[in-house]
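Dropping a structure here in structure tokens format, bear with me for questions.
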Amino acid sequence: ACSNDTEKSSTKEKKGKDVEQVDTSLFPTKTTNQGEPIDGGHLTYGLVSDTPFEGILNKVFYQGDPDNQVITFFDEDLLDTDENYVFTNDGAASYEISDDNKTVTLTIKDNVNWQDGKPVTGADLEYAYLVLGSKDYKGVRYDEQMALIEGMEEYHAGKADSISGIKVDGKKITFTFKKANPSVTTGLWTYPLHKEYLSDVPIAKLESSDKIRKNPIGYGPFKVKKIVQGEAVEFEAFEGYHRGAPKLDSVTLKVVNPSVAVKSLENGDIDVASISADQFDQAKALDNVEILGKVDLAYTYIGFKFGHYDEKKAENVMDNPKFEDKRLRQAMAYAINNEEVGEKMYKGLRFPANSVITPNFKYNNKDVKPYEYDPEKAKKLLDEAGYVDTNKDGLREDPDGKEFKINFASMSGGDIAEPLTNYYIQQWQEVGLDVQMLDGRLHEFNSFYDLLKKDNEEVDIYQAAWGVASDPDPSGLWSRSAAFNYTRWVNDKNDELLAKGISEEAFDDQYRIDTYNEWQELIHEEVPIIPTLFRYTTTGVNKRVSGYDYLAERQYKWFNVGVTEEAK
Amino acid sequence: MTLLKVDNLKVHFPIRGGFFRRVVDHVKAVDGVSFELQQGETYGLVGESGSGKSTTGKAVVKLNNVTSGQILFEGRDLAALSRKEIKPFRKDIQMIFQDPYSSLNPKKRVLDIIAEPLRNFERLSPAEEKKIVQDFLDKVGLSPESIHKYPHEFSGGQRQRIGIARSLTLKPKLIIADEPVSALDVSVQAQVLNFLQDLQQEFNLTYLFVGHDLGVIRHMCDRMGVMYRGRLVEEGNSDEIYDNPQHIYTKRLIAAIPDLEPEVREEKVQLRKKLSAEYESSYSTFFDENGRAYDLKPISSTHRVALQ
Amino acid sequence: MKKAILQIENLTTSFRIQSKYHAAVDDVSFTVNENEIVAVVGESGCGKSALALSIMQLHNKQRTKSEGTIHYKGQNLLTLNDTQMNKVRGKELGMIFQEPLTALNPLMTIGKQIEENLDYHTELSRDEKKNRTIELLTQVGIPYPERTYKQYPHELSGGMRQRAMISIAIACNPALVIADEPTTALDVTIQAQILDLLKDIQSKTKMGIILITHDLSVVAEVADRIVVMYAGQVVETGSVKEIFNNPLHPYTRSLLNSIPSAINEKNRLHVIEGIVPSIAKMDRKGCRFQDRIPWIPKQAHEESPHLHEVGQDHFVRCTCYKEFYFQAEGDASTHDITQSR
Amino acid sequence: MWKFILRRFLVMIPQLFLLSIIVFMMAKAMPGDALSGQEINPRANPAELERIREDLGLNDPWYQQYIRWASNAVQGDFGISYTHKTPVMDVIEDRLWNTVFLALVTLIFTYMLAIPLGILSGRYNDTWVDKTVTGYSYIGFGTPIFIFALIMLFVFGFALDWFPSGGSVDSKVDEGTFAYVVSKINHLILPALSTALIATTSTIQYLRNEIIDNKIKDFVRTARSKGVPESNVYSRHILRNSFLPIAAFLGYEITGLIGGAVIIETIFSYPGLGQLFLSSVSLRDFSVVTAIVMMTGFATLLGTLLSDIILSAVDPRIRIE
Amino acid sequence: MKVESGKIIQTKDVSPSGMKIIWQEIKKDKLAMGSLIILVAILVFVYGASFFMDAKEIAKVDFLSIYMEPSSDYWLGTDYGGRDVFGQLIIGTRNSFTISLFITLFTAIIGLSLGLLAGYFGGATDNVIMRVIDFVIALPQLMFIVVVVTIVPVFNVYVFILIMTMFLWTGKARLIRSKALSERELDYIHASQTLGTPHWKIILFQLLPNVSSLIIVNFILNLAGNIGLESSLTFLGFGLPESTPSLGTLISYARNPDVLENKWWIWVPASLMILVLMLSINFVGQALKRAADARQRRG
């Protein structure tokens, strides 16, 4: 139930460059079936989840990813993105940025209508902002970028009835920002709410209203016909879809348990379903299914705890000297073999991470190489740093000759979590570091983040993952003031580069790329965290399906998908 | 010398019911019973099942809480004593139970069973203890090797004798015998009864003998009381009561005793018929409007009857 | 000559204990006549109940074996199969058990349990059955038969339950009723009532009764003939008068002497040494009672004791009775009531 | 009788009260809260999360939250589920029915298996029939339910494809139609049967032992002495008495099934209370967690009451005035 | 004065003392005898072998041997971490059995103390204890356990035993209580009371020995039941960490359909182990039960 924004990505731009670890050809991203879609086709989509979907069918309100997967069938954002996830003008609306970079204007195309026939207007998008900024809104999507819109903070604080920075004129809508921010071309909220349909429901009641939960109206390719709460949704084609009538007549979405997803694909019960690493081998063996894959917008890392978060000052404070010496951190990075983890444990679905910006971003610095497995080097670094085994127990003491124990916190979830954690511990022990699993067990998600958030002193290092947004700005996780900066690492150079990355100059793409390249080099050198793995996500698609594109946003462009024969 | 004097003893058990399981009523198991035991005599309590005989007996050994009334043992009121204060009296008053099977802990050896009271009151070395136990075993006619056996290795009569030995170890003055033979076969019953009589002579014991078999009571007791619904309806020397019952209930009870002489059985049937009719007709002369027996009235120096 | 209802000849019933059969009823023969009460007496474990259940064929067939014959109305009950036997049980033979509480189904009303008997043996209609049941309840002296009809066993007192038990046994006017210790669980007053009731019913229906008891005074009250059993065998049998006036077998005499009664008042009671041997451990050769009268010389016993006719219809097993005397013991000698009359 | 029931309900009040405090404290003691899940979303604004927490009252001390919650709860309002954005009772309702149906069908299967097998085994004890049945019940006793259920799912749900492999109903059929009912039942069979085949074994053993105990009882001998044919001895005397304890367990059994549905619902992706409970725990949706625990607790109390009532109805010796 | 010769006459049901009866009963029952032999063999082997095994070594992740089929190196193959399944089975059996043993032990201690107190004293004591029991029984156990497991910061074998004990003692307490309740009405207890024996002594030395056979039988049967206990929690993800292998851990690997279908060596041996352990303990328990109940004795 997290990171709704991690799905958007693109891998294309890597082609020209050095992609030695990232072999995107590992998986096709499009279905190979070139056949003509049949009329009246029906597709069953498997929503792989071990729980039912909650049924909050609106991007403003939903919480869990399962709901999002439902929404994409019948609703969408106004702006499309290109392979660099930058907004394009191909979607339901086009946009323009003013010369001073402070004003953005969206023009919604004429043929874009809600499924009840009403046109989608600027007022609908404005209404979305009015809801998001309202104090009655209990969701989490009011973000810092929205706060940059003129008048938004006043509205949010209840001091104004409207947002002065948003102007609506029929199918046009203009946003004026207090300051220019390059992220606007990637992170602007462009998902409208059907104002006419929804405005009679008080904002506080919207999320629980039937208009959102049972009879949602979108302007996407399919209409919701029937919902079996939490279990399944029946869709039918929306003939008035602005990109043209969809190629399928109807779609059934149903929840399938992860443990039976592959079985259901094999049976033909479902046509499309994502596949987890532990079932990858089984899925690969199916001959009625092809596997599509892409690099996910996420990375796994091992973080060091440097200090704590000072709530009052809203600032990270680096006051824990345990991992002060960067040679120690580097040594720990050299000591682990991520190559093997990706190959063996994840069956090649994960590969060593070179950076904390995912490789499908153009901002990923391909010149930065992952720390390669080199235990000798690790030992050397540790010796240099003074971590030597003085009492001959096989484990190194710290430079003062005291016992040096490291508590490693790791999160439960999935079969691989525990052996992976043990594996890292083993490898560190091989270079003489006494690493132990904190409390002797993996921590459940909530407990784990509770430990991190509260800077629990027991935690020395931890393994976690971040899903990254389509917006490349890493400030939210890395800045001196970021509460999510769980390592509590602060560095002047870091502050400077992060600021540069979202400065006005950064509207110049090359400038921004250079800035982030430099930043990544800094991170690589300082190792406040060890980026460990990037990952593929894979999905299985029945061979009768055509036109399915697993990449980025297009994963959800269902209008183009058809089937070339009836289901068995 | 009066050893035990029970004066207007009442034992009521609460009946709970209603909304909050409050006490809504009482079972008046014993409802105003008075009698005296002289040193060395055997006093019998008879009556039909549920008439409160056992409850009376148990009240004397404090196995039941006394609702009201006095139990004077050598002049001290046991009913007023707390469970702690009663302890010294435990030595003097002992009980023999009805069921020889359930009154001995099946998991204990004879030695432990008989020594239990000794261990509570005296500090003895194991050797002394063993000696005393074996002495008593000898007295009750069991071999000294028996101390290492378990109760199930004995017959019913032998078990009952073990129970008696246990109650004797503290040299009690009063023994409450609650139907000590009614669970036994006739042949064994005889054995135990003989034995109780012998012991009485040897130790100058006083018995409160509870039973419903009138033959046994007559055989054993000097004096006896007849109980009916928690009250005494007649009290006197055994012979007086058997030969000259006054209360209608006593008469019925005695008429019901089967006789070993087949010749007289027709008469007895007729007698019972007659008494039954009399019972119906003269009910009100013997019981008040609540069906409660009247208080005892002396009709001779030794004989008392519940009459109006 | 009275009409015989049931003739038991050489009945032997054995139980399987650890794959071996041991006789609990050993070569028992006697006859029950119309309008007669035959009492079977003996200590606990003598095989009285085993005998009763053999007649009714209620033993677990897998673990018991019965030999000999039980002639009832010209047929040998031991040769009947279950279906045939079911026609006899309840209809021709009724049975009363000792513990009326456990012998009644706790979940069925008294009325239903009596009617059940009629269900299988009569063609009565529903109403007729109910009427008959209420009539039976009245007959056994239940004061409110209509109410009792609808009551459950636990709602009745012990005496009432035993009356209900009796009405079950006599529901179809059986020719013979077997009562296994019907009064042992009851008070003396109730016992007297129940015994009177049985006699009373018998006088009307002329049925035969086998009364099983360990209480000789009960026998004296009601029985016509006595069968004294010891260790599975009949040791003495005869009419009530004969047995009470002239008991011969040492066992019978011992039993009589151990009862506290008006006659031996205040005297020492006789004590029979030892206990009844268990069927698996029993020495089946020679006189089975000899262990309990060790002061009688071995030669007094027969090698394989037979029943000897000693008077009219009076039989005694073994010859030891001739030599038997009560052992004088210490100061108070046993007063032998059996010789005093 | 009514007084008895009323009294039992009154006694339930303090029990439920205590339960609610414990549940509430435990829920609050779990690390994290409903918003923790958002904390790994880099776009989420920590300050904003804090504001929502404040708004929802999640930062108040637990007893204040408890009083607020309890005062609503006594009016039947268990609050809003944070993950579902809708009143807790709405969230629970659908799931509750699914679970109740599952429990009922399981119960029916359980007894359908247990009664004949238990009777056979008890009546013909120590024969080969008995040995087979006992063997089965021992294996059932030693088999973890989830392994068995998984195997059932793979064999009947996939390999043979006789039954659907998840969900509670086919999304294509319309509510209220006959096909809908059929589809619902069809989805129930496999999970219910899997549970029943394992759960029944203890009932079989119980029934068997009861019958063996009862058939040597005195009243059975009485019945035989009346000339009641063997089959009727069983049907009218032995069985009725043997069913007593089982009938008395009925109430417990139902609540046990409702409370224990977690595993089977997880395996068969059956959207019921158990599954909702697990996901609510991991999402820290406290209002749902507390409501479910309270409801199952209440159901258990009802079950014990039901058991007592059933027992008093079938056993005249236990009379409830 | 001798009333009768000192000769002791044995009653008809001559029964030797406790251990002897048990042993005879087991000897008579081939199934129980076989079970006992198997059980002892397994336990001796498992505890013995695990003594010589390096738990660390077994828990060691080895990527070169993931999902290996059984071979002479790995008798029962390996799991997804390349860990030896046979070793895990040995240690897992030991852990599962130990856990079961301690849970049974602790629940027995609690159940025994409270049950005896409630049963012996009756009245208000009984009422209070029974209300507590009623309350604990009304708790939806599985749900509570799930919540408690998420709350406790450190979760290891000891905590697990504690949590399970918290919920499982009630059945025993009730059983003991009802037995004690009926036992205290027996005259030997009354006798002790009239002999001046203090309550605590009566409870410990009179009552306790008489409920002991019930406790032992119940103990054994529970021991069997509790072996599978942790497996379903593990399945739900609330069981012990993998670093403490248990039978439940191994079995719940079968959640992964690939393992269930194609990698039998991971979960089948553990399932069989549970089955064999539960059944053999159960059979021995049944024999004990018969030994405790004279009516059912085969001897």
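First chain written, first letter: the chains are A, B, C, D and E, and each begins at residue 1.
In the analysis below, contacts are C-beta pairs under 8 Å (C-beta built on N, C-alpha and C of every residue); 3 or more make two chains touch, one makes a residue touch a chain.
These numbers come from a predicted model, not from an experiment.
Listed by label, the chains that touch chain B and also chain D are C, E. Should one ask which of A-D and A-E has more C-beta pairs in contact, the pair is A-D. The centroid of the Cα atoms in chain B and the matching centroid in chain E are 47 Å apart.
With each centre defined as the average position of its C-alpha atoms, the distance from chain B to chain C rounds to 31 Å. The set of chain B residues that touch two or more partner chains comprises 155, 191, 194. Shared interface positions of chain E, defined as residues touching 2 or more other chains, are 1, 3-5, 9, 11, 13, 150, 255, 257, 261. Chain contacts: chain A has residues 260, 263, 444, 446-447 touching two or more partner chains.
Touching chain A in their complex are the following residues of chain E: 59-61, 63-64, 66, 80-83, 150, 153-156, 237, 241-243, 253, 255-258, 261-262.
Of all residues in chain B, those touching chain C in their complex are 48-49, 155, 185-191, 193-194, 197, 212-216, 218-220, 252-253, 255-263, 265, 268-269, 272.
Taken together, the chain A residues at the contact with chain E in this complex read 259-260, 262-263, 278-279, 281-282, 340-341, 343-345, 412, 415-416, 418-420, 422-423, 426, 437, 439-442, 444, 446-447. Those residues of chain D that touch chain A in the complex are listed here as 30-33, 35-46, 48-49, 52, 55-56, 80, 82-87, 90, 94-95, 153-154, 157-158, 161, 165-169, 171-172, 174, 266-267, 269, 271, 275-276, 278-279, 282-284.
Residues of chain A that touch chain D in their complex: 1-5, 50-52, 54-56, 61, 63-64, 135, 138, 140-144, 187, 207-208, 213, 226, 228-234, 252, 254-257, 260, 263-264, 266-267, 269, 444-447, 449-451, 453, 464-469, 471, 476-477, 482-484.
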